[in-house]
Every structure is written in structure tokens, then in C-alpha cells.
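Per-chain numbering from 1; labels A, B, C and D assigned in written order.
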Amino acid sequence: MTRLKLFLIAFLGVSLLVQAQTDDGVLRMNEFRVPKMRKIIQIPDVGTYQVLKCDFHMHTVFSDGHVWPTVRVQEAWLEGLDVMAITDHVEYAPYKNDVKVNHNRPWELVKDVAKENNLVLIKGTEITRSTPPGHFNAIFIGDASGYIEDNSSPKDKEAVMKAKEQNAFIFWNHPGWKVNQIEGSYEWLDFIDELTKEGTLHGIEVINGFGMHKKALDWCVDHNLTVMGTSDIHNLVRHDYDLSDIVHRSMTLVFAKDRTPEAVREALDAGRTVAWASKFLAGKEEHVRNLFHACVELSPAFHARTSKNSAGAEVVTNYYEIRNNSDLYFELVLKSGNGTGSVTLFPRSAQVITAAGGQDKLTYEVVTAYVRSDKHLQVDISLK
Amino acid sequence: MTRLKLFLIAFLGVSLLVQAQTDDGVLRMNEFRVPKMRKIIQIPDVGTYQVLKCDFHMHTVFSDGHVWPTVRVQEAWLEGLDVMAITDHVEYAPYKNDVKVNHNRPWELVKDVAKENNLVLIKGTEITRSTPPGHFNAIFIGDASGYIEDNSSPKDKEAVMKAKEQNAFIFWNHPGWKVNQIEGSYEWLDFIDELTKEGTLHGIEVINGFGMHKKALDWCVDHNLTVMGTSDIHNLVRHDYDLSDIVHRSMTLVFAKDRTPEAVREALDAGRTVAWASKFLAGKEEHVRNLFHACVELSPAFHARTSKNSAGAEVVTNYYEIRNNSDLYFELVLKSGNGTGSVTLFPRSAQVITAAGGQDKLTYEVVTAYVRSDKHLQVDISLK
Amino acid sequence: MTRLKLFLIAFLGVSLLVQAQTDDGVLRMNEFRVPKMRKIIQIPDVGTYQVLKCDFHMHTVFSDGHVWPTVRVQEAWLEGLDVMAITDHVEYAPYKNDVKVNHNRPWELVKDVAKENNLVLIKGTEITRSTPPGHFNAIFIGDASGYIEDNSSPKDKEAVMKAKEQNAFIFWNHPGWKVNQIEGSYEWLDFIDELTKEGTLHGIEVINGFGMHKKALDWCVDHNLTVMGTSDIHNLVRHDYDLSDIVHRSMTLVFAKDRTPEAVREALDAGRTVAWASKFLAGKEEHVRNLFHACVELSPAFHARTSKNSAGAEVVTNYYEIRNNSDLYFELVLKSGNGTGSVTLFPRSAQVITAAGGQDKLTYEVVTAYVRSDKHLQVDISLK
Amino acid sequence: MTRLKLFLIAFLGVSLLVQAQTDDGVLRMNEFRVPKMRKIIQIPDVGTYQVLKCDFHMHTVFSDGHVWPTVRVQEAWLEGLDVMAITDHVEYAPYKNDVKVNHNRPWELVKDVAKENNLVLIKGTEITRSTPPGHFNAIFIGDASGYIEDNSSPKDKEAVMKAKEQNAFIFWNHPGWKVNQIEGSYEWLDFIDELTKEGTLHGIEVINGFGMHKKALDWCVDHNLTVMGTSDIHNLVRHDYDLSDIVHRSMTLVFAKDRTPEAVREALDAGRTVAWASKFLAGKEEHVRNLFHACVELSPAFHARTSKNSAGAEVVTNYYEIRNNSDLYFELVLKSGNGTGSVTLFPRSAQVITAAGGQDKLTYEVVTAYVRSDKHLQVDISLK
């Protein structure tokens, strides 16, 4: 006969201080474990908006992903995401001989664990048409079971309209995916134009995983669509991304009124987003600019040095500290003014820059921030 | 109409030299990817034997693991394992409403990809009886479909005998698993004694994940069973193990004649193993000792310093370099002789030690290597 | 004859975008360089005070340190310190055959570079008496050339009074340094008592490098002296400290009105400090408590789960997120209340904790924060 | 009165097992220290030669370096160098008001500590002429006190001949140093030609720190000079180099008969060297080729896959494992043959490559290994 003893909870956090006092014959080597913690990705508020870290495109074994749905919650929590959507393919289920097809199932399997981990979970799916036009994500959907599994071209419109009926937020995925394989696929297609004009399409993935589809940024600007960034992760995040202080999974930064599904939807509808891929940002100029200024600040001049120039005149050089209070990364190159020519702002760090006295500002190009396929953000740094 | 263009292969390796010359509208950010490489875990041969890195205990979504079986191959390849077995539970299938129960399926799904990645794949399963006696792994099995799913106690023997009929190698898993919950479970049970005496049981997990079951080491020594170390991984390896130069998943080092399934089986049957958990080793004294001496070497004295002792006599101090040519880790504390008192041998590194002249050897206790529950390996370092 | 061409500035920041377009026969491999950036150590303000990161004890080749004084500025800048003092020994100059003795020289050599890097530089020196009483640091000193180099015991008082004449801030260094070598050295000495009573001594190093002198914390509390933490660095910081998100050089956190020498002095005189050594904090209870609450916040309950207890009654479990908005580290163990038993708060991270409904608070012991040699900080976490 | 107690040695190695049992009032936090270990840089022997890791160009506070000479030994030991030379400037001593000029002094200060740490120390100096011709290093020198401190052009020859009189090994430093500042400085100068023809000059720095002077590689090949690689470190190595598995300080790999000063000199005189800068190698083709083949091996085909090509014929694809048994890094691009197009060989790792059956070999260009300014090493990988 066996009796239950008091269960001793094994805490994951490695403690130098609290150690088991008695030897029960098991040596527990918790010092080799991954620290269990939710990283805080630090991005200051932009005006009155919180900047939510969102990934609206992920896969699981319920389509062609490599993991059980709960792993997506675990990853999102560890990495510090606020909002996530699992979007398995409707029309593509390579594991269907082993895993029963049920398009609502990933959502059902994670909704409680997402809630207990303080993650905002959005229901979604991927409408997987042949290329072109290729794939669409629908998020904020209702019942996922009625979507059309026939992926033949004539059904393309009907498939997308199914999402529209549910009042979903719909975006076009990785438009340049097959740029080198299928001619004409990476263009502003008639089909896309139609969806846009009728208000069915709401956004485009400018960043998908490790690819920035630069032409899509122009399309978002020109047709007033929302700029999206997603991981489209199939494998483990840690087998794809070399996570570090600089490298994060690709995602959408959403400027939202609060941390609720409703606020996320409102912000997406209003287009208040920036797509983020580790060192790179892409978005509409207004939002990228506001994000930059929310993160970066210049100190007052803390030092002035006087010297003579080649003509023998006295010149003053002022010293400033430029601080990046965020986990984002910015590279700046001077465009006008007389000062430090190049500045790299690593996450949560500062640099000293200098500027000749008597100027109001320096103007920098942020060469890691795109506001058009061929245009970087340009910022004025006020010296007053 | 679309036409196929030449397919441009995207190589994963990050190249500083070979870059796309033309702008096709997609910025590819491969510098943020995890380098795709098979790590070599460096352990010199032990005598005429290769030291194979083996994990014989892993789970997938086909029982209660979190990943698709192919992820286990991917992980094993990246981490530098030679040999792996997926051992999903026979009697426990929490995902059975979604994933069709088929005990042969994980093996079928990975056997080609394992082969193409130069991994030795052993077919296995976990026989999951109630505790006590708890769980058994059977590897080198045949058809997995005929195993008994009824896990009631009266069927325990029959369940194990099913594996024996297939000439499997059978080991008892994590005997101290519920030491603080079920009284009497972490003992040399009658059931185990019977299996051992009749030759059904071949080994015991001394190391399972982050736990070293020290009493099991004594049982292996006393009853001539093979010492096993496994990860018993359910989650992603990278979410459990804080992988580094020192931290690896827990595994069995098998001293084998070559890198084939047959040689692995021969070595297991002969008991030529050491269980490894990052900083710690556990095994039969002979094997741990041979492993240590295969990895660690002392240089000839490279320097001698002469000084006077407190009595005014001249004394010589000899300087040696002690090198650890392996990815293992050893901590040494001096037991006898006059020399450096404590030495930490990090992976692939050297230390300088000194010894008073006129001695033949120093004797150290390797406090990170267990040869009994209460005994560390003791080694002589010859100074000749 | 040679002519000067335009000088092309080589920027240190690694750029993926801005690359030399012409091949001048030199391949520049800047991708292998250490990123040149000033880390921001994030600690929120404590009430109206800024928390300045200060190290008041460092050595250079002008006494027995291993580096030229400017290296100390470089290190401090990279690590994110606000305030630094170089405090070479007055009485001990082992390199004097090579390096000319001049106690003001380290200060002279770094004062401009400190200014240009926005570091607050405090002039200091180490008065190096035999143990006991051992060493004292004097900071905010005037001319360093008049200090007494004779370190015989009879001169001890006179040596310290030299600093007092200059209105220096004086603290006793590493009182437990030779606890195992010199009996009676790690005690509240008559000499110290005298200095304290007459107002000559202002603080004691509770943390010096890798040692926390716990008895000194009691002395600071009982005799109203300021708690100091310093690196006492002689070697390179990067050869001593395994710098990481958790490991920083040991230092004093000073709660100051602003980031000026005057404000630092005012705070030191007022005793508003906490000594910090990577995972550990030591200080007067009031300051450690205020620091904890400035860094750590609890979210409102974001989720409630209802279940039945063993008696069949409904019980509610509330879920909260506890966030550490700082680069400090805290380990918490529950002392009273019904909730999560143990919480590790890594730098800039969050954890989920649960608490049974119907409670006002949970009380935790912060086992990594000392307020007495034998007492940790105890904090109430309000659940309202 | 004080009495000495037994001295308890504080071992640096962090031990989880051996902990102080008694509380003496000092908490020792050795877990935050840098592990004290000599890294082994793994490079297999090249034929009968050992591959010694050598840095023949470093500075200290005795000229314009930032550290005391012993730091250079400490760094070299931690990083795993075999051979080092401190080469402070003869003609340039910016700290001379503080540090007494004595050109033999750095050597004297480190010779014992180098010996005790099993480092081969070579005596050297830097002859610092104006550019052009710029600087020369002389190693294996005798008395350094007689060198000429006047750096005016007319004395250039005399200054170099001083080293020749001592039978020094003389090499030209960083010839492209001022390529963008001084026209004509980065050329095969008459002065260099003269030194070479008369046998005074023995080598040229092809790699200096983060710069590869590619034209110098051609000059070494064409004029039979020895290829050198050095760090020319002034600052701390850890403040310049972002040390990792891939990034090491720049150095010369010397193929020597044994690990003695004499063998190093013999190898330098014979030109058996390769310059190494983290991912890049530069050297004479024979030596780079031999080094590559010593490090990289191909397994026998471990798997063959048969498929049909577009014409319906059966084709065989063979699978091989290519292993890099060294700490070097190689990037390969296929030049001829039918197989894997691109292979990145990270340190101590393997990759799987495939090749169509019926071939003898694949030919790759090693794009990270230079054998001429405009030519990479090309290697045949035998498939037999």
C-alpha cells in the first residue's frame, strides 16, 4: 500500500539561498534550467497609446507547424508578447492522417492557458489560396469550421468573403514570397485592388519572418492599408531566431488605447502600427516618427569645449547624450547640420554626440527605419 | 498566366561576402537567424571505443510531448547527438481526441529524416505503469502496436514481458520520481528484483532530466545493471535547458565499437555507459575513470621554481598544465599529495597546477563525478 | 612627397547598411568589434530622488591597479555608471620604480575625458593603514599630495584627520577582509568607535567586490553610518566580473536630488544609499524598501479562477502579474498569506502569481536583500 | 596584539559542492566571477607541425597602451595563445612624464609570469618611423635600450639596421594604415624593396587588428616574405574584440616543430604562417590549403537516395557529413561539380552535404580564406 506524502513543489527559479536541507536520494540540478520569466520588451507609450507587441501569424501541428498549440503561448510569454493569434491554414493540413482536422481546435486548446498567462488571444486563420494572389490572414474571426477548403482559383473571392462575413480583420500575407519563382506574383494585383476598394482587405504583411516586402509598404501608404509584421512561425521560435538583446521575432507594434482585444482591433482598423524585425522598422511615416521620438531623447548640453578653427576663430563644440529608452535599435546618419556623423543606438543605451554651437538642430536619416520602399525616416534632433 | 523562373535557393548560413546584387523588392534579414549547424560534442575515444552521445527517452505529440516528432531530430542534430530514440507512452495519450493513437507512427515519421541527417535512430516506447513500479523504457523494439494499454497493476509484468519478447533493451525510469509523494516508491522493489534476476531488466535511469537518482547508481553497481541518463524531454529542449558550453541535455555516453545500432546495443548490454547531466557524471567506477583519463591530460613539468621553506631548506615547486580536451566538466579537490588544492576543468580548457618536487603523484577527488550515491571518483595524477 | 587626402572617419558602430563602396585594398572587419555604447542601467526614481550608480573605489597603475586611469572612465561609461572616484593608495605604490608617485595625477589624467563622457568624477584616495584598522577611502578631497605616506600605526589617526581637514567623505573599507588571517580585525574597533563618535567617519563598505561584510551592515544601522558598496577594482572589470543581465560590478546606489557632485555628497551625508552586488542588495531598511517598491509593481487581478476545495466549497484564485521594471534582481519567499510560494524577479521581467480571494495582501521575504546581517527585507504586496 | 590564523585560500572556480560551512560574517559571491581558465583554441596539427597561436604586436603603458604589461599575459592566457611579444614603441612614449622610459622594462616585468603560465614570450619592440614607410616590428631582439629614438626620415634605415644587428625577425606593420590620408603610403616603396632585397625585412602584417591589408598579401607572395597577423592591441582586448566562439583577437598561426622560441623563429624564417582574423584567413596558398585540410574532413557517404530526374532516369544522391574539427570558420561556395551549393562551417561543427552519384569530387571556393588580394583558396573535396 502507498500513502501520499505532502507534495513538495519544485520551484523553477534557481535559488542560491533556499536549498533543500535533507538528502532524499535525488540531486536536483535546477541550475541548468532556462530561467522561467516573462521578458519585458521595453517601449515607452506613444502619446496616449500603449505600444502592444503582437504576432498575428503562427502555425501549429493543426496545419503545418511543428508544435502543439500551447507551445505558442509559452513562447509568446517568455518573449514578452502582449497579443497573439494562431492562424493555421484552412486549406492545407499535411498531418491530417494523424491530426484530426478541426479549424477551431488550436483556439480551444490555448484559450485558458493564454488567459492565465495574461496574453490577449485573438482568434484567427490563414486562407491559403494559390499564388497569386497567395495567402490571407483573417483575425478576429468567429467559427472557423465553415471556411472553404477548396483552394482552386475560382473560389478565391468566396474564401475571403467568408472572413468578411465574420467581420474579420483581413490582411494579405508575404506578397513577395515567390518573387523569384512566379512572375507577376509580387505586384498590385487586380484581385487585391478589388478587395481594397470594396473595403474587404485591411492590411498587408510588410514584414513576414526574415523578409521585408518593401513594395508592400508603398501599397499600404498609397492605398491606406494597415502595415503588418508577423513571424509566420512554423518551427520553434528558438530554432529560427537567434534571440538576443537585438534579435526578436518579427511582429507588429500596435498603438492601442489599452491592452484589450477591442483596443487592438480599433488600432488595427485605424492603421496605428509599425512592423518590427529586430534591427528594422517599417511603417507609415507618422507612426514611425512618433515611435522614434517616444524612444529617443537628447539631454541638454552637458559640456562645451572651445577651440580654434583653421582660420583662428574660436568655435564651440557642445556635448549631448542621446538616449534610447527602448528595446528597439536605430542607426542614424547625419543629413544636415554640423555634428556627429553617425550614431548607433543599441537597445537601452546612450551615446555622446557633439554639435557645433549656434545651431538649432541636427537632421538625421534613420537608416534602419523605412517609411517607403526607398525612403528612410528623417528626424530633426532639436539642440535647444 | 504565370511562368516559373529559376529558383534562387536561400542558403541559411549568414554570409558577409556573398550577397544578392539585385534588389527584387525583398530585404532578406538572414543575419537574425539561428546558425544552422551540427555542434560537435568533443569527447575523445575511450581506448578503442567511440563515445556516442545518446538520448533514449523523448516524447512527442503522439503521447504527451509538445512537438511533432521531426522536431526531436532537428534538436538532436543541432545539439550534436549521435543516437536517439523517441519513446512515447503506450498507456497515456492525452491528445488522443486530436492525434490518432498509433504507437509506430513517431518512428515512421522520422526514420528518413534521421537517416538523412546521419543520426542513429533506435525504435522505442515507454511502458507507463502506475508508481510503483512506475515507468520502463523499451528500446530496440519491434512492432509497437501490440503493447498493452491497460495500465492496471495486475498487468505490469505482462506489459514488460511484451518488450522482452521483442528482445528489447529495457530500463527502469526515474525511480525517485515521486519520492516525496508516494512512500516506498523509491526502493529496490520486489518487482524490480524479479525482473533483474530473470534477466528482463537491463538498466536504470540514474539521470533523468534535471534529477540524479543517486540510489539507482548503487543498484546498478550492485545488481550489474546498465547506468542510463536521459532527457525525458516533453517540452522543447531550448525551453528546458539553458544550453551553453557547460549545459547540455542529460544523456547517456555509450562506449561503442562503432556508430551503428548494433554497436550501441552491444555496449548497452555490456554496461559500457556513463550518464551525463551538464556538470555531473554518474557511472560505474571503471567507466567513469576511463572517461576521465581519456579527456584529461597533464603536461610534463614546464617550469620549476626554487624557494626556501620556513626551516631554510630549499624546496622545488614544479609547474604543470592540466588540460581538459573534452566538452565535459570536472571539479577536482586534492585528497593527498602536496600541490594545488582545487582545480576546475571547464570544457576545452587548461589550468596550471603546481606540485612540490619529489612526489610521484597527486590524488584528487572528482567531486562532480559519482561512482556510488555517496562516493566520487578518485584519480591519481602521475607527476612522472 | 606626401599629400594629405580627405580623412575618412571610421565609425565604430557596425552598420549593415552603410558600407564602403570602393575597394582601397583594406578589408575592414568592424563586425568583430565590441559595440561601443553606454548601457543604461534601468532603476526607476525613488520618490523624488534619482538613483545614481556610483563606484567610489578603484585603482590604477598609480598604485597597484593594472590599468591606465582612462580605462576606468571607459569601463564606467560602457557599464552605465553615473559617478566614479579613482582612489589609489597613498601609502602603497608597488610600481614606483617605473611610475612616478603623484597622488593627484590619476585625477588630472581623467578629469577631461570624464567630463566629455558625462560622468560625474569625484576626487578620492585610499588611506592604507595596517590591519587593523586597515583601509579608509576619502572622497571629495582636495589636494592629494599632502597625505601621509608613513603607514605605521601611530600615524593612523593623523592620516585620517588629513582627509577630515579637507572636508572629505570618509568610509572604512572591507572590514572583514582579513577575518581568517588576523584575529580581532573584523570587530567594532575602538579606533573606529572614536572616529565615529567625533564625526570623522561617515560610512563603511558593506559590499567590497565579491564580499558582503554583513556585520558592517549592523554597524551602519546601529551607528548611523552610510552603507557603501564598491568594486575596489584593481584588474580589468571584464576579467573579474562575468558581466551579464544579472552580473554588474559591485557599487553604491545613491538616492540623489540630481546628477551633480553636490547632490551626491548631500545624499551620502544623509545616508540615502543601498549597496548592490549583482543579485544582492544591502542597506538600511527604509531605503531598501523604497527601492523595492520603486522597481516592483503588481497588476490588478487579470483573471479569476473558481474551483472547489476538498470540503466542497467554492474558492476563488486571483491571477496577478508582478513586474520588475528595473535591472535589479529579487528573490521572494512567501511569509504569510495564501498565494504563490516563491517568486524570482529577473531584471526587466514579469511573473504570474496567484492568491486566494478574500485577502488584502501577501507578505514576502526578499531573500536577496539584506537590512541586517541576519535579516532580509520583508514586503507586503497589496492585493487591493 | 594580533595573531595570524591559518590562511584559507579562496579558490576562484565556482563550486556547487564545496561550500564554506561556517558563517564568518562575510558572504562570498564567487558565482559572479569570470571563470578563470585557459581556453584551448583547437586547431589540429598540420602534417608534423603544431599550429601555435601567436600575437607578436601589443602595447602597454610603457608606450601608448592602456594596461600594465602583466595584463597582456593574463589576456593571452585566458584566450589560449601560445606565444606573445610585447612591442612598445621605441620613438613614441606619450606617458613619459609619468612612466619612466625603459625599453627593456615590459619584458622584465612579465618574463617570470609568462613562464609560470606556460606562455612562450618573445622579446620585441616597435620601430616607429613616420609614414611612409611607417612602423616595423622587431622580435627576437636583444637589448632594447640602444634603439634610436629620433624618428626623422634620414634615420629610418639606421633604426631598422639596429634590429638587424641583433638578428631580429623584422616585419613591416599595417602598410595600408593611412591609405586614405597619405598618398603613396600604401605602395611597394623603394625603402621596402631595398630592405627586402638585402634580407633585412622578413615579413609584413597582412592582418593588423580589424584590418586586412590585402595588397600586402600579394607582396608577401611575390617577394617571399612571411605573412603576419597581429592584434596591435592598445586597449583591453575585451574592449576591442567582441570575443565569442567565432571572434578571437587577430593573430598569426605558426606551423612549428615544437612549442619553443627556437621553433617559432625557424617557422617564421621559413614562412610557415597563416594570418587569422576571426572569420578570415590570409596566407600563402600552400599553408592555407594545408590548414584547411587539417581542420576539415568528409565522412564516407552515409546514405544514398534514389530518385528520377525530369527525363525519367534514375539518379542517385549521396549524403556526406563534412566536419570542421577546429575553432576556425570557413565559408564554401561550389565552383564545380553537382552538389550542395554553399556550406558554412562554424567552429567545431558539421554540416550535411549531398552530391550526385558518379563524381570524384566537388570543388569549392573558400570565400573566407585569401591566398591573394583577389583570390580565395579553392579546394577539392574528394568523394571517393
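Throughout what follows, a residue touches a chain if its C-beta (ideal position, glycine included) is under 8 Å from a C-beta of that chain, and two chains touch if they have at least 3 such contacts.
Keep in mind it's a predicted model, so treat the numbers as computed, not measured.
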Number of steps on the shortest touching-chain route linking subunit B and subunit D: 1
Subunit B-subunit C separation of Cα centroids, rounded to whole Å: 41
Centroid spacing, where centroids are CA-atom means, of subunit C and subunit D in whole angstrom: 37
Subunit D: positions in contact with at least two other chains: 16, 35, 279
Pairwise touch network: line, ring, star, complete, or other: ring
Chain pairs that touch, as defined at the top of this document: A-B, A-C, B-D, C-D
Complex contacts: residues of subunit B adjacent to subunit D: 9, 11-18, 35-40, 42, 115-118, 279, 299, 302-303, 305, 319, 321, 323-325, 331, 333, 341-346, 348-352, 367-368
Residues on subunit C engaged by subunit D in the complex (per definition of touch): 2-8, 24-30, 32-35, 61-62, 65-68, 70-71, 74-75, 78, 95, 97-100, 102, 105, 109, 132, 176, 179-186, 210-215, 235-236, 238-242, 247, 277-280, 373
